[in-house]
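First chain written, first letter: the chains are A, B, C and D, and each begins at residue 1.
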Amino acid sequence: MPLSPEQQAEIDALRANPQPTLRTVAPGMEAHLYRAHQVLDHGFVRVIDYMGDDAAITQAARVSYGKGTKSVQNDEGLIRYLMRHWHSTPFEMCEIKLHVKLPVFVARQWIRHRTANVNEYSARYSILDREFYIPQPDALAAQSSVNNQGRGEVLTGAEAERVLEILKSDAGRSYDHYEEMLSQDGQQGLARELARMNLPANIYTQWYWKVDLHNLFHFLRLRADAHAQYEIRVYADTICNVVKDWVPAAYGAFEDYRMGGATLSSKAIDCLRRMLKGEKVTQETSGMSKGEWREFSEVVG
Amino acid sequence: MPLSPEQQAEIDALRANPQPTLRTVAPGMEAHLYRAHQVLDHGFVRVIDYMGDDAAITQAARVSYGKGTKSVQNDEGLIRYLMRHWHSTPFEMCEIKLHVKLPVFVARQWIRHRTANVNEYSARYSILDREFYIPQPDALAAQSSVNNQGRGEVLTGAEAERVLEILKSDAGRSYDHYEEMLSQDGQQGLARELARMNLPANIYTQWYWKVDLHNLFHFLRLRADAHAQYEIRVYADTICNVVKDWVPAAYGAFEDYRMGGATLSSKAIDCLRRMLKGEKVTQETSGMSKGEWREFSEVVG
Amino acid sequence: MPLSPEQQAEIDALRANPQPTLRTVAPGMEAHLYRAHQVLDHGFVRVIDYMGDDAAITQAARVSYGKGTKSVQNDEGLIRYLMRHWHSTPFEMCEIKLHVKLPVFVARQWIRHRTANVNEYSARYSILDREFYIPQPDALAAQSSVNNQGRGEVLTGAEAERVLEILKSDAGRSYDHYEEMLSQDGQQGLARELARMNLPANIYTQWYWKVDLHNLFHFLRLRADAHAQYEIRVYADTICNVVKDWVPAAYGAFEDYRMGGATLSSKAIDCLRRMLKGEKVTQETSGMSKGEWREFSEVVG
Amino acid sequence: MPLSPEQQAEIDALRANPQPTLRTVAPGMEAHLYRAHQVLDHGFVRVIDYMGDDAAITQAARVSYGKGTKSVQNDEGLIRYLMRHWHSTPFEMCEIKLHVKLPVFVARQWIRHRTANVNEYSARYSILDREFYIPQPDALAAQSSVNNQGRGEVLTGAEAERVLEILKSDAGRSYDHYEEMLSQDGQQGLARELARMNLPANIYTQWYWKVDLHNLFHFLRLRADAHAQYEIRVYADTICNVVKDWVPAAYGAFEDYRMGGATLSSKAIDCLRRMLKGEKVTQETSGMSKGEWREFSEVVG
């Protein structure tokens, strides 16, 4: 990124020729098709295809629940009801296909979401490009002292400079050596499937990723969360903005019940009821561990 | 089936208003959208939505294999190569959503294919219609005497008449009693989730079923096979005809390598080589069991 | 049920000969192995095999989180932490295999949980037994007038008698006809795969069902819930009692965070904070729908 | 590898105390439990737990097929029948849990097999060890000139030396810099989740991997194949040796029908029949592409 003139021309060509279809069309999504949303320094997310819209969710629910759904007055109300009661199958009736370019260490987290279809660029068949993720200065954070998997303050001064210098020079040298090992100029040339092992985890890869809306929401709940690693969260945030335009009612319900919601344990519910009756509850009298009490306190404000 | 005037009018309305889209359009599939293909006496298969076409398969493969795919000259050749070498992920990039009406005992076989999304009409929420599968006379077969799960000759005469009479009268009586138990006329009325237990397995249900092309091919290989039960095979055959119009190149490869193909064991390959060298091989000298030898003989003709 | 003398003898034999193993052994589970826990009138749940215990969960978590898990003092605390933060993979490291006998209409709900392995008794190959679920009088409930998928009051008097009489006589007649159609006495005999279509949904089937602990908890959360249909809930309750003996710490966390917990939307959290500050909030001022407000009121007591 | 004295002591302790169980015990597998089978220079495969044996496969099949399975005389015959006819569910009734240490680029291929449970060592929480895969001289191969994803001849002389020197020095330098960035000695110390991005793909990671036997066979068919990358094939080969001791009958059927078998297209079957009738068939008269003909020729020898 930015896109090469050839890539932009290809996208423009794909966007120039709408064709008639009898399928459901989601106007908000058509505006996104093929366009590259930049993420990090060289990454992107592009919508390649989609199936369904908000109405496809309620249509499937009405097959299932028949006359039973008449009591819910309208589509948005029904979608909110389905989300609230964890009815997952109607949301599975929508599907999205994305083209994503992302650093390998992000891809390794992402792929753990198993219920999706993936075609990744293969470094056995092909040669990877010289593109590495180098964090912006404000993303260069120290290890958190309170959270084993978190970040603390942003690095400053000479330390930040040293880190950036290391990341850049190691990536460059590794790639120079990758090319040198592959070269068939005056030598045999190492197999691509072996040479790639020299490349660091911040090199970019790309894939097509296809997933249904239910599983996408599950991905977004975990990866657009404040505890997710920043470098995958920016991808999730970008996808959230796309989904909001695609299925606005479902996304609204997702925001309310999942992203902005919280799960309380039976102990927490018990404390809550005591507090609502006017009791002053502390961690000691709550029956909760310190960690759980801290999280509970954040919920009740 | 046949469709009610209301249903036909709804289908006509859905088919009357094509809208522009930037997505891939498969013309052969547009012709199928929403139309009901009749199956058995009251069942049908309708395409509700689809994603992708033959080109979407090769596009995904080219993301994966990059320049490596250049050696395969064209799309059809690449699709045949992918099918031959069991590369499943590019085929997963196409998706189809069907509306199917089918007898419950067929639905019970069908649902064992786990990698799909389903919304079934719920008899907890709603009342099932009075529609039962009653076989045509030529589908009324005796138990096979050689195959534990197969059919033998078609029943004839008084026996066939008795069977049809039983199936019809038991279905009718069960449904009468279903309605009688549900009725709130002068009584409380049994809960729907209980009353349904009186209904036999030939009553019709319906669902939305969404699946990717790779898993659909797996379903079709097993269910369009000569050993599948006739009542599910007719659904699979109907879907085959739809898929042929949707992704003709992929379907052609599927027919050649899967439906018309055969898998040989290492013992079978050994026999084959001996036969090609002119040796006369018998079951006794083959090292195979009787069953395996019979299947091998069918392959080599 | 009750078990035949032959079945009981087989179970006794299986339980008589412990063998040495180097694998993890869960003593609470050994006491359950092979024994049939009766469910409904003819059904049962039997543990056939299991893998892992509470320690297997923390062992897997420690592979993942390494030194990061040291801050959690002990195994039970770690398991509660994992459950609270939706870390599902460590729970997937335990596996259970059950033999279940259940009515077909229960099996149809159960099988919708796709992430499990199943081998069901096949009525294409074999003849089903003459065993039907006939509800106990106190399970014979009317349709709920407020909940489309629920039950209301228990039926009484003549209506209850009529319903029981219908269920019994229709089941008996259907089975008589099933046998009559299958019979090869003086006739060809209908194929088993066809004859079965005459059998009602309260006939018993059986299967082996194998699932990991994470997916089992998901099943139990939905099916041991007060809104689940009674006839599947009694199976889920029976399994809960088994799991409690198998992995007591994980089951305790499941009870606290899932079964006894509740999920609040962002709107609900907002209301809660206002209430804790002393504001009197009503449905009208809550921003919630009536249904959502009713559910929220149940949580806050 | 080799194991540290502490690791060996832990394994010895785990192996020292067999406990009684009522579950199925596979003696061949007990001999493998916990032992580390070395793979590559620092990797290993260890069996942590297992469920089932050959008899568990036939037991599940007999639940499904009831009396229908009586025609198959014995367990081994039944297992061969199930494998030949692609009956996958009985094989899913066995489960294995492995602890694997492997280079990251191997892990990236491995994880594409989605139907498995995984807990991987997290470099967000913990610091990776200084262990890198450096190929043995005879595994240092040139790019194949005929196969886009294959290897050609082994590198020799100065080129081989240069490649090894590059791999070693780049790995060492990257790890030095990883430690330097993490260090909190006189500086803040970069977050672990960021520092890891500097590490190359030949660094070792480890995970617990749990999978059922059907899906394991699918993995082994693809990864123990001659076309798989050598570095994953050695893991698959190691697992094959374990499986052979665990379920000898199932493994024998797998070898015969999958590893040593071949799939023929309908075109190939047609050619075969013509050849068996004495016709001389060439690629030109076969209707096959060059690639397909070459593969067919290898089968018929």
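Keep this in mind: a contact is a pair of C-beta atoms (placed from the backbone, for glycine too) under 8 Å apart; a residue touches a chain by one contact, two chains touch by 3 or more.
Every value quoted in this text rests on a predicted model; they were computed, and no experiment measured them.
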Interface residue identity across copies chain A, chain C - same or different by half | same
Between copies chain B and chain D, what's the superposition rotation on C-alpha atoms, in steps of 5 degrees?
-> 180
With chain centres defined as C-alpha means, what is the inter-centre distance between chain A and chain C in Å?
-> 33
Rounded to the nearest whole Å, what is the centre-to-centre distance of chain A and chain B, using the mean of the C-alpha atoms as each centre?
-> 35
Express in whole angstrom the distance between the two chain centres, defined as the mean CA positions of chain A and chain D.
-> 29
Among all residues of chain D, those touching at least two other chains are 65, 67-68, 118, 122, 125, 148-149
Which positions of chain D touch chain C when the two form their complex?
-> 14-15, 17-25, 30, 33-34, 49-52, 56, 59-61, 63-69, 89-90, 92-93, 95, 97, 99, 117-122, 125-127, 206-208, 210, 212
Residue numbers on chain A that touch chain D, as the complex places them | 103-105, 108, 111-112, 114-115, 118, 122, 124-125, 133, 135, 140-144, 148-153, 155, 159, 162-163, 166-167, 170-171, 173-174, 177, 180-182, 184, 187-194, 196-202, 229
Spell out the part of chain A that touches chain C in their complex, as residue ranges.
-> 65, 67-68, 71, 77, 80-81, 84, 86, 148-149, 222, 255-257, 259-269, 272-273, 275-276, 289, 291-292, 295, 299-301
